[in-house]
Amino acid sequence: MILTLSCPDQPGIVARVSTFLFERGCNILDAQQFDDQETGVFFMRVVFEGGAAEDLREAFAPLAKGFSMRWAIRDPKVRRKVMILASQQDHCLADLIYRWRRGELPMDLVAIVSNHPRETYAHLDLDGVPFHHLPVTRATKLEQEAQIWALIQETGAELVVLARYMQVLSDGLAAKLEERCINIHHSFLPGFKGARPYHQAHARGVKVIGATAHYVTADLDEGPIIEQDVERISHRDTPKDLIRKGRDIERRVLARAVRWWLDDRVLLNRTKTVVFTD
Amino acid sequence: MILTLSCPDQPGIVARVSTFLFERGCNILDAQQFDDQETGVFFMRVVFEGGAAEDLREAFAPLAKGFSMRWAIRDPKVRRKVMILASQQDHCLADLIYRWRRGELPMDLVAIVSNHPRETYAHLDLDGVPFHHLPVTRATKLEQEAQIWALIQETGAELVVLARYMQVLSDGLAAKLEERCINIHHSFLPGFKGARPYHQAHARGVKVIGATAHYVTADLDEGPIIEQDVERISHRDTPKDLIRKGRDIERRVLARAVRWWLDDRVLLNRTKTVVFTD
Amino acid sequence: MILTLSCPDQPGIVARVSTFLFERGCNILDAQQFDDQETGVFFMRVVFEGGAAEDLREAFAPLAKGFSMRWAIRDPKVRRKVMILASQQDHCLADLIYRWRRGELPMDLVAIVSNHPRETYAHLDLDGVPFHHLPVTRATKLEQEAQIWALIQETGAELVVLARYMQVLSDGLAAKLEERCINIHHSFLPGFKGARPYHQAHARGVKVIGATAHYVTADLDEGPIIEQDVERISHRDTPKDLIRKGRDIERRVLARAVRWWLDDRVLLNRTKTVVFTD
Amino acid sequence: MILTLSCPDQPGIVARVSTFLFERGCNILDAQQFDDQETGVFFMRVVFEGGAAEDLREAFAPLAKGFSMRWAIRDPKVRRKVMILASQQDHCLADLIYRWRRGELPMDLVAIVSNHPRETYAHLDLDGVPFHHLPVTRATKLEQEAQIWALIQETGAELVVLARYMQVLSDGLAAKLEERCINIHHSFLPGFKGARPYHQAHARGVKVIGATAHYVTADLDEGPIIEQDVERISHRDTPKDLIRKGRDIERRVLARAVRWWLDDRVLLNRTKTVVFTD
């Protein structure tokens, strides 16, 4: 079982939570706590064995209420439902599917949505995951997003991954997906926001490029950062080389962020994240 | 205050410990737990505010005994006493002194020992730290180690740092300094054990070199690893270049290991370490 | 066009070579030279535009002979023929195929050989590349290698990539494939040679793991290293985690080595390599 | 000897240059060329043995003129004169001095200038390098810069290193020091320009921080980037931690940039640099 929580800091939180677990015969395997002294918020993630999720949730609710906690108790054996939105560039999509099949990402892929037709991914074995072609233009954006939202509700998707989806979500959809929509931005934010970041990086002559996985919010490229990574480049690298090298960074940064999310390691801390990494 | 402990795993450890702290009015700021399922040993580090070290220790002792804990409660405001052993190469020594003066390493430097005379470090301002020239030859090794040991006892040094000391400690001295003697080895162990590792690395044609900070044990180059880091090299690098690049790696790896030790982040796990990094 | 060469160092090599190119109307776009002062061997790689490969080769031969050069002039538009040998673990195979399809690896995949049947890679679209199931046992190793060799000759494969093939090539086959067979070893050589390196790494308690791409030679795990990379790990990582993290390192290290080889960037320097990286 | 040049690309440059060297009995040890196909500028760096700098310069001038080259021939045994400007934070200053004394930076330190008095660096052994206290206020900036400039002329300083100098040079002084003034900016540019970048990074919640060495130009924080490096951080890091971790990055990034400059590896390419790294 995994328990995650955040609440205003006060003495006794760990004592109460761990005593709660002990009294129900649970054994803590791994735990991390963090007290953000700037915001006064306390964060905790506990992995334990023993107990049934439903019972624990019911029993924990009053305690949680007393501390004004945002919290969740989850059985990691119950896989989260995930929807991937993709566009023409398929490297992140292909990578996520590979890792999912391989068992690296414990999730149920409930839908793959693209604004491009299935043929775009002719060489990709989707392994039975339903594919939805939802084309979009400026004029039809509203309708298309409504279709996406309907699909999210229908499939019960808990996480939406923008795997180089390249479409900006409307404020409305972003708000509905708070804390459960992860985007991969192909730059080391906050450097090179906006379009064509690798061309921007080439023009500026940087010596290191990066990618950023972040929660999607109404503020474009300003969502809470979950993970970032970088790679060295040189003057020999053309924008095309940067795009190629960037694909590798994007793939691993997005995969890590998704994996950590599935593992309940990512906790929201206002405009930032607390990530209890493995 | 910082509480660290390790003990055979069993349910209730966190509950008992955190309740103990709560009942004494302590507030947990940061905590990490880890249960090594291979060895069945549980590790914990808790940073908290409130309480007096001496009182807490006395009160905690019975609880600790019940769980067969190895444990410590330490007031981080009480600085640890540290002795540095150095040899001709002074980059690690100079770096540690700089970081200490700068406030990066919260320790009391009680002695600097070298088998080379003070003049070797003519350009180094030791800032009043006592310097001891203890030359050593094969024939006088025993006597010199006895002098080192006397100095450790006299100064109350809790940690001994081998800052490129280049002398192998005898099994006897190594045993006395278990868990409180850190060495920096100038290779990415277990590759290139023994002498002249950069020359070995050059001869083998590796593309990355590294350094390793580890606890000193009777088994040369086999002590529990605390920290490692690496840097890329190329065919253009001569052994001299590797030595130069290696100095940078050695300095930062050793400094991190010492800092983590001073911060009670390094816990021994048989032949390995648990490091609750920041 | 790409010209690569190595020869005993002497004055005038660059002058003769570049004058040769200039006189034939060729323009140098990128070039790197390196003089190994230890071995006295000079290495050069020149990318230039202009000229026809066949004509240039004929004209260059006498000059090359005068300097006792090992050399090649290649038209990068003529794709190299590559055979991949794989085993049960398909992450390197899948990655190479993805990169090939995506245009990151300019090669003609002429054969995929495995000691496991095609069904092992059921989810992998081989895109028409001939697949050969060549099972192997101790008793049939000789015969199987003969089949592999026959296939290499038949397909004209210039490069053989061992994509986690897990079978040791016989000395005989290794010798035939000198400088054109690349293996990925799942450790940071020379650390953890031999079997189950991630388990070895876990047991030793290292803080960084790595992978190594190297030329295959008769000396197991001792071939000239082409590329290495690493990733940080912690005490929380089980051998299973290391294997998972390692897959990522293996994929990118092998892909880089293959890409550099295809790009004529890897030159043999006795037991080492000169890699003129991009 | 080291020859560096850049000029509009045209066929025959390498042939002419290498033939020139060959005819004068010089032997090329290491060389790199790069043709920027975007700007049409060709860059070259050649290390060779043989010849006398003065003679070679005289003989090379007509050839250089014919190709409209920016060029230099330098004897690496003649050390470059370097002035360091520092402010209260002394980690980069201390690091440069250490490396210089150690032989890592082949330069003559002709002056250390600070807007703080000598006592600020009481623990630093300047080893006889003249120290100049040139305080500065808004009102006296012009006069202080005039003093700096006079000192540069007087000492013959060829390179000015801003080692966390924290004062913005006027456009006029920046222009005079084109291509010979290196600054270390304590962020991974272009992210977090301006003041207090580590506080900005903390507020934004990035997962990686960095530092940037660049040529100083009139455009603040926009000068050609020479080198960048990064380090991972986590939610546990306070701004104070970032500042501490940043010091390590700043030191090594600045040291690399200075070393490469001294080694004639940094060539200006409009608003970017070509760095022929070792």
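Chains here go by letter, A, B, C and D, matching the order in which they are written, and residues are numbered from 1 within each.
Note that in this section a residue touches a chain if its C-beta (ideal position, glycine included) is under 8 Å from a C-beta of that chain, and two chains touch if they have at least 3 such contacts.
Since this is a predicted model, take the numbers as computed values, not measurements.
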{"item": "Chains contacting each of subunit C and subunit D, listed by label", "value": "A, B"}
{"item": "Type of subunit B:subunit C copy interface by residue overlap (half), same or different", "value": "same"}
{"item": "Higher-contact pair (C-beta pairs counted), A-D versus B-D", "value": "A-D"}
{"item": "Whole-Å gap separating subunit B and subunit D, where each centre is the average of the chain's CA atoms", "value": "36"}
{"item": "Separation of subunit A from subunit D, taking each centre as the mean of its C-alpha atoms, in whole Å", "value": "41"}
{"item": "For subunit C, residues that touch 2 or more chains besides their own", "value": "30, 34, 37, 234, 236"}
{"item": "Complex contacts: residues of subunit C adjacent to subunit B", "value": "34, 36-38, 188-192, 204-208, 210, 224-230, 234-236, 238, 269, 271-275, 277"}
{"item": "Partner subunit A, residues of subunit C touching it in the complex", "value": "30, 91, 94, 98, 101-102, 104, 123-125, 127, 234, 236-237, 241, 244, 247-248, 252, 278"}
{"item": "Subunit C partner contacts - residues on subunit D that touch it in the complex", "value": "9-16, 18-19, 21-23, 25-35, 37, 50"}
